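What follows is chain A paired twice: with chain B in the first complex and chain C in the second.
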Partner chain A sequence: MNKSVFKTIGLVSAALLVAMLFFLPMLGHYGNDSTLFTVTLLLASVGTAISWNLTGGFTGYVDFGHAVWWGIGAYTTGVLMSNESEWIPQQWPLVPALIVSMFFTALVANLVGRLTMRLSGPYFSIAMLGFFVFFREVVRVAGPLTNRGIGLTIKPVINRPLWYYITLIFVLFLVYLSWWLRRTRFGASLIAIREDEIGAEMRGIDTTRNKVMVFTLSGAITGLLGGMWAYQNTFLDPDIAFVEVRTIDAVMGTMLGGLGTVAGPIIGMVFLFVLRELLWTQESLLQTHLIVQGLLLGAVVLYLPKGLMGLVRGEVAFLDRFRERSSTFDGMESAVLEAQESPISDSEDEHPHDPVALHPTWDGRTS
Partner chain B sequence: MDTLVQALINGIAVGGFLTLMVLGFSIIWGVMGVINFAHGEFIMVGAYMAWFARSEWGVEPLYSALPIFLIMFVVGFVLQKLVVNKVIDRPHLVSLLVMFAVSIIMSNSVKLIAGADFRRVNSDIQRGFWELGDIATIPRKHTVVLVVAIIVLVALQTFLQKTRLGKSIRAAAQNREAAQIVGIDIKWVYAFTFALCIGITAMSGALTSTIIPVFPFMGPPWALRAFVITALSGLGSVKGTLGAAMFLGLLESLVATYAPGSSGSQLAVITAFGLLVVTLVLRPQGLFGGLRPVDAGGH
Partner chain C sequence: MTRVLEASGIVRRFGGLTAVGGVDIHVDAGEMVGLIGPNGSGKTTLFDCLSRVQTIDEGHIVLNGTDISKMQPHQVAHIGLSRTFQVLRVYRELTVLENMELSVQWGDISLLSSFRKPTKETTERADRLIDFLLLSRLRDQQASSLSGGQRRLLELGMALMSEPSIVLLDEAMSGVNPSLVEQIKDRIRILNQEQGVSFLLVEHDIRFVKDLCDRVVVLNYGEKLAEGAPDEIMENEAVIEAYFGDDGTEGAGDAGN
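Moving on to the complex of A and B:
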C-alpha cells in the first residue's frame, strides 16, 4: 500500500460518485423530484462547505457566521425576483438576479472582511457570529425592501432536473476551483497565513489583502448558492434564510472530512448526509441527528483533529516510515512531502494569530 | 421627561440581569482562557429547570434558583473533568469548537425533551410594578433579579479578594505556571471555577426566565451579549462587568424606547452587535483593561 494506491482509490470513487450524480435523474423511481430536491440541497451544502473551507481551512480563520452570506444572497434574489418587495416590485429574470446577488454578497463580504479579518482567531469567530445575528435583524427591520421580514414568494421552478444539473455543474466547478486555488501562489500564501501570519507578512505577502480577497470569494460563492436555494425553495423569510444549521453543517462537514484539504469538505458532507438519512429512516431517531452531529464534532475535534483525510494520510505516513527505515534519503523525502501536504500543522499551538502575542512581557503575558 | 426616566430605569434593570448572566462567561475566559461558546445554553438550561419547577411543583423561580445553582455546579464540575480539561492546553480554536459542539448537543437535547415551543414562566412574587410617583414604574420582576445580582456580585467579589481559594483563582488567571510553582492545585482551581460559573449562569437563567421568553435556541443572542460586555469590560473583572452591563442595558433600553414603530427590540439587538463590531474594530484589545487571552500552555 502506498500513496498512489490511495490516490487511485480516491479518484475511482470520485469518478463513480460523479457518474452516479449525473445519471440520477434518469433512474426513474430514484430520480423523482423529491430526491432531486434533496440531492440539490446536498450539493449546495457541499458548495457551502467548500467555500467555508477557503477561509476556515486554508487561511485558518474559523467563521461561525458563514450562513450570513447564504442569507444575504437568498434575500437579494428574493427581493429582485419577487413582487412583494415595495421598493423593487419588478420581477427580475433569474440569471441577472443571481448575478446581482453574487456581486452584492461579495461587496458586503468585502466590507465585513476588511473589519473582521484584522481580528485574531476566536475574536474573528465570534465577531462573525455577531454579524450573522446582526444581518438577520437588519432584514427583519428593513421595512418595505424585504417585506418587513414576513417573507417573499418567488415563482416556482419549472424544470427540476435542469436545475439539478445546473447546481451539479456549479459545485463541480467549485471543487475544481478549490483544487486549482490550492496550487496557485495565492493559495500558497493563504496556507502561509494559516501557519505563521507574522512570518508570511515578513516574507512580503500582503496578508490583509489576501485574507480579504479569499473572504470575499468565499462570501460570493455562498451568496450565489443562497440565491439558487431561494429560487428552488420559492419562499423565504428571515428564519429560514438565516439558519445556524448551515454554518454548523459547513464547519462540521469540513472538520470531519479534513480541515484545509480539497477533498475534506466533500467527503465530510457526504458522510454527514448518509448519517442523517440513516437516522431519518428510524422514526424514533428523527429528532436526534443534530445531537449525534454535535457528539461527532466534539469527538472529531478532540481525537481526530485532521479528519478522515488525516486518518488516511496518517496511515500512509505510518506505513512509509515502517518501510523506509533502511533509507535515510527516502525518509527525508517523505518527511518533506508530508510537511508540504500536511493539512494543519501543530504550529497552531503557538497561536500566531494573536496580535497581542507580538509583545510578550517578561512573564510571557501581554502588557 | 417621564419617558426618559422610565427608559433609564428599565436600562438599569436590564443591566442588572445582564451582569448576572455575563459574570460566568467573563470569569471562565479570564481564568481558564476558554471561550465558553455554550454560555447561552447554560442560561437556557437554567431557565428550563425553573420553568419545570414552576409548572410541575409550583415553586417560584426565586426559590428554585438556589437548588438550580447547586445542581448545575455539579454538572459544571463533571463537564470540566470530562471535556474542558482536555482542551485547556490546546489552542483557543479547539476549545471554541468543542464548546460549539456542547452548545449544539445541549440545545437540541432540550428541544428533543421539552419541544421547541416558546414558554414563559409566571411568578406571583415577581408580578406587578412599584409606582414611583407619577414619573415612572419599576417592574418587580426586574427588581428581584437586580437585588440577587447585587448580592451575587458582592459575594463573588469578597470571595475572590478575601478567601484562599479566591486568591488561588486570581493567581491562576495571572500566571498559570507561577501559580503551580507556589503549590496551587491548578486542576482543582479550574474545576471549581468552571463549576461556580456554570452554577451562577444557570441561576441567572432561572431568575430571568420570568422576563425573557424561554425556548431551546434562546442561547446565542445572550452568549453574544456576554461577549460584547466582556469585550467592553476586560476579562474576569467583576466591577468592569457591572459597568459594561449597565452601559449595554441603558443603551438597549434607550434605543428600544425611542425607536420608531414596533421595531424597537430588533433595533436594540442591532445596537448591541453594532457596539461589538465598533469595539472590536477600534480597540481589538478591549475598552477598559482589554481582552487578554490567557496563554495556552502558560508560555
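Moving on to the complex of A and C:
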C-alpha cells in the first residue's frame, strides 16, 4: 500500500476517534462521570506524551524526569486554590491559578533547561531524574507553603462534562501545535539538533537557545496539565503529584507509537490505555498490565524502533533484514537502481554499522 | 586585497599535548588556500579552532573585521564562515532538500520568523544549489540513502546555503570516487571564480591542492613548517622530509587525523 492510502486511513480513524470522544458525554450510561474522569486522565496522559515527544522525540533529549513539571504545575495550582497553604491562604479562582501554574512551571523548566540541556545523552536523562527527586523532596519539606507534604485539598466544584470538553479541546490543540511546530523552521532545527548537534550549530542554528525554548514549552504544557489534574483530583500530596510512572508512561507511549512523530504519542498512549483497561478487568490479574507493558517496551525497542508508526510504514527491524536478503522490497530496489544510474554515485558507505541504516525509510520526509 | 580570515598565534592544548602551537594563518578575499601536513599535525584541530567548534587557549581570530575569538559556532556562521567536516555531518533522516533548507543563513531569521515554514526564496536557492551540485535526482531522497560521495556534495551545498564569504573544507575528497573528485573540483573552482567565495581546504590529495590553491600552508606537530605557492612547497626540503618522506604510510591510515 502506498503512502497516501495510509494517510487517508490515518485521517479517517483520527476523525472517527475525535467524533467518538466528542459524543462520549452524550452516551448516557457509557458517558457517566466515572468514564469521563478516566478518559480525561487518558487525554492528559496523551498531552503529557505529546509534550515529552517535543524534547525526547523531536530534539532527541530523552527526559527521564519529565513528570516533575506535572508535579510543579499541580502543586502551584494546589497552593493557589487551596486554603491549607499558610503563606497563600487565599483561594484563587481556577483560571488565574492555572495560568500562573503554567508560567511558573515554564520558568522553572527554563532555569533547569539552561543547566541540563548542556548535557548530552544519558547524562541529561539522569540529571533530569535527579531534578525530579529533588523537587518532590523540596515540596515535601517546603513547610507552610505546601502544607509540609501532608497534602492540599481543593474545593470540589467541577462540572465533569464541561471539564472533559476543556481537556479534549486543549489536547486537540496540542496535537495541532506539535504538527505545526514540526513544519516550521524551528521544528526542523530541533530535528537537526537530534541528528547532529555540532553540525546544526555550525550551520548557524543557535542550538542552546532552541533547546532551552523547546524544553520550556514542554515544561509549560505538562505544568498546565498537572494543574488541571490537581483541580480535577481535588486532593494532592507529593507522592501522587510527583509520580515516576507519568514519565514512564510518556516514554513508553511515545516509543510504542513512534518516537519523534506527530501521531506517535497519541497512538501509543491510546494503545497502552486500551491494553491496560483490558487487562485490568480481570480481578486476579491486577498487575498483569505492568508485566505486559514492560515486555512490550523491550520488544518495541528491539523490533519496532520506530514504533507503530514505523510498522505502518513497513519499517520493522527483522523484516528489513529479511527484505535485504530476499531483495523483494520495491522501494529499496528502485533506490539502489537510482543510485547506480546516478552520474555521481560511488560505492562508499560512511556508516556501515549505523543502527538507523538498518531501518531505512524510502518515503521521504519523517513526519 | 581584503582579508577575510586572519588568525594569529592560535594555541590549542589537550592536557599536556599541544595540538596547535601558535599558528598564524590568513585567507584573502577570493583566495584558495590549502592546509596540508602529516597525520596528527593539527590540521583538523586548527579548523575546529577557526570555526569555534573548539575553544582556543591563546590567540585571536578575526573574520570579516570582527573578532570571533570568543564567539559560538552559530555566531561565526552568521558572519560568513561555513565549513564541512571530515566526518560527514548531514541530517540523515531528512531529505536532501530539507537538509539544504535548514542550512540557510540563520543570522537573517528572527526568532518570530523561525516559527514559519522556509520561504520560497530559500527553497529556490536550495534548488539552484542542488542543481549546481548535480543532486537534482536525489532532491527528495533521505540523506541516509545517499552514497558517501553524494553526501560530500550535499554537505558542500549545505555549507554554501548561508552565502558564506569563506568555506573551510575538511578533506572534502576523502572516500570519494575519482570521477566525482573532478566534478567537485570543478564546482569549487566555479564558486571561487564566479562568486568570489574564499576557500581554506585540508586535503591529502596533493594534486588536488596543487590544481586549486593559490597558496599552501604546511603544518607539522602543530606548528607552521612552510608557506608559499604550491610549486615552491613541493620542492621545500623540510616539507619533503616531514610530509612526503613516509609516503608509503601516508593516505591509507588517514581517517584518524
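Definition applied: the second predicted complex is superposed on the first by the 313 of 367 C-alpha atoms of A that agree within 3 Å, B and C clash if a C-alpha of one lies under 4 Å from a C-alpha of the other, contacts with A are read in each partner's own complex, and residues count from 1 in each chain.
Note that a contact is a pair of C-beta atoms (placed from the backbone, for glycine too) under 8 Å apart; a residue touches a chain by one contact, two chains touch by 3 or more.
If you're wondering where the values come from, they're calculated on a predicted model, not measured in any experiment.
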{"item": "Which superposed partner A:272 touches (first chain B, second chain C, both, neither)", "value": "neither"}
{"item": "First, second, both or neither for A:184, with chain B first and chain C second", "value": "second"}
{"item": "First (chain B), second (chain C), both or neither touched by A:202", "value": "second"}
{"item": "First (chain B), second (chain C), both or neither touched by A:192", "value": "second"}
{"item": "Touching partner for A:121 - first (chain B), second (chain C), both, neither", "value": "first"}
{"item": "Common ground on chain A, meaning residues reached by chain C in one complex and by chain B in the other", "value": "348-349, 354, 356-357, 364-366"}
{"item": "Contacting residues of chain A [partner chain B, same complex]", "value": "62, 64, 115-116, 118-123, 125-127, 129-131, 133-134, 137-138, 140-141, 244, 248, 251, 255, 287-288, 290-291, 293-295, 297-298, 301-302, 305, 348-349, 351, 354-357, 363-366"}
{"item": "Of all residues in chain A, those that touch chain C in their complex", "value": "181, 183-186, 188-189, 191-192, 195-196, 198-208, 335, 338-339, 342-350, 354, 356-357, 360-362, 364-366"}
{"item": "Residues of chain B touching chain A in the complex", "value": "35, 83, 86-87, 90-94, 96-98, 100-105, 108-109, 111-112, 174-175, 178, 217, 220-221, 224, 227-228, 263, 266-267, 269-270, 273-274, 276-277, 280-281, 284-285, 291-293, 295-299"}
{"item": "Residues of chain C that touch chain A when the two form their complex", "value": "51, 53, 72-74, 77-78, 82-83, 85, 88-95, 98, 101-107, 109, 113-118, 134-135, 137-138, 140-142, 144-151, 153, 158, 161-162, 175-177, 180, 183"}
